[in-house]
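Structures are listed in the sections that come next.
Each of the next two complexes has chain A plus one other chain: chain B in the first, chain C in the second.
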Partner chain A sequence: MVLVYHGYTGRLAALLSGIGVEPGDRVRVVKDGEVFEGVLMPRYTVRASEDILVIKLENGYNIGIKVDERTQVSLASKKSRLERVAEPEEAVESKAKIVLLSTGGTIASKIDYETGAVVPALSTREITEWAPDLTDIAVFEAREVMRVFSEDITPSDWERLANEVYREMKRGVNGAVIAHGTDMMSYSAAALAFAIRDKPVPIVFVGSQRSSDRPSSDSILNLKGAFITASRAPIAESLIAMHASTSDDLIAVHRGVKVRKMHTSRRDAFQSINDKPIFLVNPYTSEVKQVGKILKTRDPTRTPSLEARFDDKVALVKAYPGVQNEIIDMLVDKGFHGIVIEGSGLGHISNRLLDSIKRAVESGVPVVMTSQCLFGRVNLNVYSTGRRLLEAGVIPAEDMLPEVAYVKLSWVLASKTRDIAEVRKWMLTNLEGEINYRHTLDLYPRWLYE
Partner chain B sequence: MSRAVQGLDYEKLGLRVGLEIHVQLDTREKLFCSCPTKLVEEDSVDVFYRELRPSRSEMGEVDQAAVLEWKKGRRFKYDSPRSASCLVEADEEPPHQMNREALEVALAVALSLNMRIVDEVYVMRKIVIDGSNVSGFQRTSLIAMNGWLEDEDGRVRIQTLCLEEDAARKMGESEYEVEYKLDRLGIPLVEIATAPDIHSPEQARRVAFKIGQLVRLTGRAKRGLGSIRQDVNISITGGGKVEIKGIQHLYMIPRVIEYETLRQLRLLEIREELRRRGVVKESLRAVFVDLTDLFRNTQSKLIKRLLTEKNAVVYGLKLAEFKGLLGLELQPGRRFGTELADYARVWAGVGGLIHSDELPGYGITVEEVNEVYRRLGANPERDAFVLVVDERSKALRALEIVLERVKVALDGVPEETRAANPDGTTRYMRPRPGGARMYPETDIPPILITGDLIESAKRLVPEPFEAKLERFVRDHGLSRELATSVINDIRLDLYERLVEKWRGKVPPVLIASTIANTLRMLENEGVRVENIEDEHIEKVIDLVAAGKLVKDAIPDVLREVSKEPERDVEEVVRELGLSRISESDVLDLVDKIVKENLEKLKSRRDKAFNIVMSEAMKVLRGRVEGSLVADIVKRRLRELDIM
Partner chain C sequence: MVLVYHGYTGRLAALLSGIGVEPGDRVRVVKDGEVFEGVLMPRYTVRASEDILVIKLENGYNIGIKVDERTQVSLASKKSRLERVAEPEEAVESKAKIVLLSTGGTIASKIDYETGAVVPALSTREITEWAPDLTDIAVFEAREVMRVFSEDITPSDWERLANEVYREMKRGVNGAVIAHGTDMMSYSAAALAFAIRDKPVPIVFVGSQRSSDRPSSDSILNLKGAFITASRAPIAESLIAMHASTSDDLIAVHRGVKVRKMHTSRRDAFQSINDKPIFLVNPYTSEVKQVGKILKTRDPTRTPSLEARFDDKVALVKAYPGVQNEIIDMLVDKGFHGIVIEGSGLGHISNRLLDSIKRAVESGVPVVMTSQCLFGRVNLNVYSTGRRLLEAGVIPAEDMLPEVAYVKLSWVLASKTRDIAEVRKWMLTNLEGEINYRHTLDLYPRWLYE
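Here is the complex of A and B:
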């Protein structure tokens, strides 16, 4: 077996463990008559093939030194212990009570020496230590419910999350804030929209596009916006709170079933699609300005119910020029329970797939049609392909985002029914504002031209 | 200009100076994105606002300088010009791979400074939260260590060479907001730090120049205002290590070092005096006395204004046994009291303070001064006091800071970062930042320095000084003196380019002397040579090459250009009447002169040549080479048998 020692392998691992130095200790490296002294840093394992020792010099710089037969490495001194930061004070009772559930992701992350990139690592306590001003907004209890990358989340994680939030709602919190990685955040927000019925208070998802370990992080402002929304916005829906623009000024609060991550890296990556954000929150003044529609108002006396089962045998298939019918056949043969198609334009996919789709529906596998245009509504009556798809039994999902249709179908199949006619009814019933029947001219972005 | 500081024996004082030289690289793209490395003047279209807060280093520490900046609580306004910045500068997209061209230049400079190159480069985030970096950190990487540079006064060790990104340009600031432009952010910089091996102000200037010149010799350095910035670290025996930032010009380095030496010396004298007076830290008590009622009806306009403008109070602090010391001058025009005011301004945000050594003054009467002494329980013969007029919390904070700084006077010179003023004096800026502000840049994997990279870098290693000198003497026909001057000139790259451009058409000696001698001559005349750009010089040489300008006229043209640098050089030449005259015109003129003076010339044959030449040159000077005129005059006179 290969010896791995704080990310070092091979000869270096043997050498370092042999002399008993650990990351944080001062080491002395003598090479070609030159002396380098510094703090030993762990090695990023993805690059461990080179015999390179990483030390932090007195001036704070890290450097890599190649260690060969003639290089001497020795322990200079053991590390000194770092001071712990004081615990935050107990909060006062009169404020709103909210719960902060963390799932991992960029809002709570720091360097990972395994890969050299950022990973979820800061504990929720560290979040509160680091952003004491959150206690001005609400009394909160922070808890880590899972620690996974956003992209590793599965439907069973939605179930766990929904259970946690439901329990908190029964306990009477004024709102739940969920710190979540941004990549798949809109899926989870949609899942919780469906999984808890008759919500008395809001669920606010929040993330960050710049990790919390950097001075320019957007996480504190986003968290403040989420806290303000959770504790006092007059709404009881599943929401996403993130930067409204590239500036550190307003936080936009979007409906969880009508929002999408539209940029890989910008702070204002989240944009409402076929809908407007519901609130703009000023995190400095705590002002909550309503700019969109509230569908379910806050009512702490309302009793929530939990319907949190999701079917993981649902697939999302994209229409592309060379798409082959085997994809649909394979899904049916493999026992999938539902298929969502991200169709082209008004909701199309190649005529070559018609027979396979017909066979899927006949085998009891519902096929839902959405559009990869994202903006606008599907309409299968305009072109003949669409009409044939309708004849084959495809369910046209209005202006639902493909991801939301996927989450909803997964929820309907596990929590409601597998009966295909019933599935069609549930899919076309607007439960959480996932369908907007009315698109005004302003619901479409315009680029800036000069 | 008279020297303010004379007779300092730097050797005896144990002066130790280290330099940090930053040179902008003239690469095609920025260090971590594909934007061009240029400054632009375009209208603000994309503007956004941000705030920053300090973060913990990977060692769990927080940098004190960063905390100080955060406490100012200012927000930042960014102007993001589309032609010279993108999402990376706006901190809206992760950095791209490190620019290989910049890395090669850095390696080439490291090689020519005899440095040890690291085997693997780690890009670090250096926390800087004054807003000059949108991300809140400057990306920097240590490329090489432990080199040296030869100098007349002995070898100067080079400690580190780093490759880093330049910061954004500050366009304005107020108490609440700082405005930056993002074009400069991300331009690659090499930062070269010497060991404190420099022992005189003049040597510091010379070494700074040599380092800058070395980078320029790679042909990939930017020139012009702000392209090279130098920080100096200064200490004397018994003093403290003080870092001075923002020295705009090379020629200011000696002055800054002189003044800092003086400041440290005076601070040590103050320490000695305090010891003589028997002052100990415990005798400096934190008793802050509210004196607002005393100044309710003051005649002092300053205090009156402050009291009415804001919700201000007057607080006083007694400094036992400090009489006379606050008024002591540390640097020209800057007293120990000024030093205390700097601390109060930086840490507490107050406008300033008033101390007893400048009173009575500011309209404060002797009676009021005596009353302050009485209320503070102070002895007017021996003690000093400090007054601050501001909002209560700020005033108290200011006096706390003043007291801290005064206690440090008993230890001597505090280690700190100072900013250079235009006159060479300095002001307190912040505490010296430590290694705590370093954090690995997690978005960029470490870069292995391969043999390939080193080979490409070797092609950029500049020719050593001696080799260049020999080549200029041998191939260009320059004298050793001229060759040395041109190699030491900031426009060396222009010289090499023009020699290459006009090979065989314009003699290198002319180009070299224009750059090295003519400009210096004009500068001594008081001409504003900083207005003369490379393009002007190049145009002048082009005109000479094209036969449209005579070399004798170059100083006149450049003198005129310096007055109106916007104007086209050719137009200036025309207007000055310095356009070259054709040979046939010269012939006609000579004929005319000979004809008009024929009798006189015949009678004074031995002087004939001089007479004609002198008359001709009155008209032709600067418009045609004298040698050509002489040839024509001789020929004509011989034909007429007058010579």
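Here is the complex of A and C:
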């Protein structure tokens, strides 16, 4: 029989169980004169090297240490966690209650330290072993609500997720944290912004740009930032919490309807567009610094309502030179209910498409205009192309991101109305800060030239 | 009979012709104790106030001054221009020869100072009156090659434009400046990068974010920057020259295949993505400072070749949650020749579309993957979705912008090959710097937080 001890096997399992350390405890490792101290991590391994011990260092990085005959491993201190030390009841009472809902993606994955294979699903217990600090921030319950890559998420998944969060809000949680793949995270954050009205507490989406098996993983710090935000930030909006820079220092909290993944791999990929992040959170001191505007304040007594239907017959179409009018025609012929155009500049698309757009609107298919510039605001009154689009009935979506206009139109069509005049009203009503009427110069990033 | 003098009428026409000033001359205006000195501008007016005199100040701004009985207007100095003062022949000889081709758009417009109406088309003479400094930089000839809003430009317009520039290169110009609407300017700059191989001299696209009738117009400074670049920068690539910041100080010169309009209205809307601008040009001192990499150096003895065909049956499709596989199916069924996907994150699209993508590739329709993050690089080897896309035959376009991959695929399909294996080779061959294999941290802009 093979001894397995929190994922460790063979000699290491014997050693660790012998000295009585468990995941979450601090261990001290002396090897070749070097001293490593950190929190023992459990190992989720398919074919692990038997002699690799994994600890999380103070800076949040995980390292694997090959333990040989000359390596000394000792217990530095036991973890003092909920599940071990019975805390006075008031302490538990005073802690925020958080629900962590996992949808899949890099952050909600177990790590196989050797193969690099990523195994989804984290239970409360596994999360506690993996990131013991979280229990200092809040009492939490973790649950998997779906297991999909974020690129596979559909509008009907948003409905499911909104239902889960709504139920938790009714149960009185102080905040919901959603572990989500980063690819489509901003779309989902926008979806939940609209799907639950009158939120009493925040919904905080969090992801990871580097999988947890890499030493540079951002998952634990991001989770801490999300937990701090969910449990105590004075806000009740749908948010995204991710690294503010490439350093492991601050977590930026962005408004879910004003944020976008701007880099394929950097830890600070998520950036607010046409708006500022709302908070900078220090995951070491738990300090929450407000740097942007809070639009809806936290109020646990507020009663949320659920309007969580999304129309999956909406398309997001990009304008490019030579864009073919048959793309619009096809969408109308196939019975699509709405079209968002990612136009050029102030919100233009070739005049060749005017007739197709007119026909769409006349057939009751709302056409919404956004800009592929991303920064700035659509204005259809400056050039004649814009004026013709307005005459054709196009709805100019102000400074809304194309992705957010897509989500909002999908929500309006299924949750509110398909009457085209009403759709226009809803699209131009600022519900969740998706429209920012005033841009200051500092909303545009600084581009480095030398 | 109404006296019309360079667009001025009535009393002002009489006054100006009386003191013998012409557009391009410096005039001095004293009004209510204030003194204004600047270059007299011609007036292109439909229903102009008769008494508004327009001068360009030293800082490049145009102002209109209402001339009443107490206003004194006098000649400060005559312009000393080619057409007036016969320069010594050597001076003319040593000057660079530039061609300015206008395609339409804000920059290539006459200004109606009162109505704000914008009338396209600029002749060499009109440009010289409007921006007399340009003749200090180069000997130039201006010609209108088309008159379209840039959102209406099509791949066949690129063919026409490339032919014109090619002919000018064969005639021995030192550089070509293309006045272009800003909406689709980066697409056209990419198109000309590919369409003329072995360029001996640069092609410099230039536009204007504020129409010339506004005091904050950026058109003259941008044109100066473009002229300086075209006439003396040691490079032979397709470029875009636009404001580097909101101040009227420096013009940034970007590689045409690595630049994007990132703001709907700011003067510094054009920014290099995944690359640095190549030059910063001071339009006052004509200093050209290199800040990025030159990939093809200027060599007037090099013989260019023309490969200027573009396929208009190429589509650029954006990935979004719930993206419908029928969009891909429809493109294949309608006989499209190529598809560029603007995927999420590292280059993903929902696994639901895999079969449609496979069918496209099997039907001989190349499918190219880029990222809607814009910054960073596609990598289909990290996650299983990416690996499945690779197996389906998707071509990962490295760090190419979606817009540039679209232009390049359109060019490859019409100018090179429709064989799918050959298309892959061409797409992955770095022809014009459209692929940057090495990203430094400073390529990502700095986002402001406080």
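Please note the rule applied: the second predicted complex is superposed on the first by the 340 of 450 C-alpha atoms of A that agree within 3 Å, B and C clash if a C-alpha of one lies under 4 Å from a C-alpha of the other, contacts with A are read in each partner's own complex, and residues count from 1 in each chain.
Keep this in mind: contacts are C-beta pairs under 8 Å (C-beta built on N, C-alpha and C of every residue); 3 or more make two chains touch, one makes a residue touch a chain.
Note that the structure is a prediction, hence the values are computed from the model and not measured.
Once the two complexes are laid over each other on the shared chain, residue contacts for A:Thr246 go to chain B and to chain C alike. By the touch criterion stated above, A:Lys56 is placed in contact with chain B alone, chain C being left untouched.
Once the two complexes are overlaid on the shared chain, A:Lys66 sits against chain B while remaining clear of chain C. Touching more residues of chain A than its counterpart among chain B and chain C is C. In the superposition on chain A, A:Arg266 makes contact with both chain B and chain C. Touching of chain A by both chain B and chain C, each in its own complex, is seen for residues 246, 264-266, 450.
Contact residues of chain A toward chain B in the complex are 34, 36, 39, 44, 46-47, 50, 52, 54, 56-66, 82-83, 110-112, 116-118, 209-217, 220-221, 245-249, 264-267, 450. If you check the complex, the residues on chain B that touch chain A are 45, 48-61, 66, 75, 87, 90-94, 116, 118-122, 124-127, 129, 134-137, 140-142, 145-146, 160, 162, 434-440, 442-443, 445-446, 448. Of all the residues in chain C, the ones that touch chain A in their complex are 149-155, 157-158, 182-184, 187-188, 244, 246, 252, 261-266, 268-269, 271-272, 276-277, 280, 291, 310, 312, 314-324, 326-327, 330, 334, 342-352, 371-379, 383-385, 402-403, 406, 410, 441-450.
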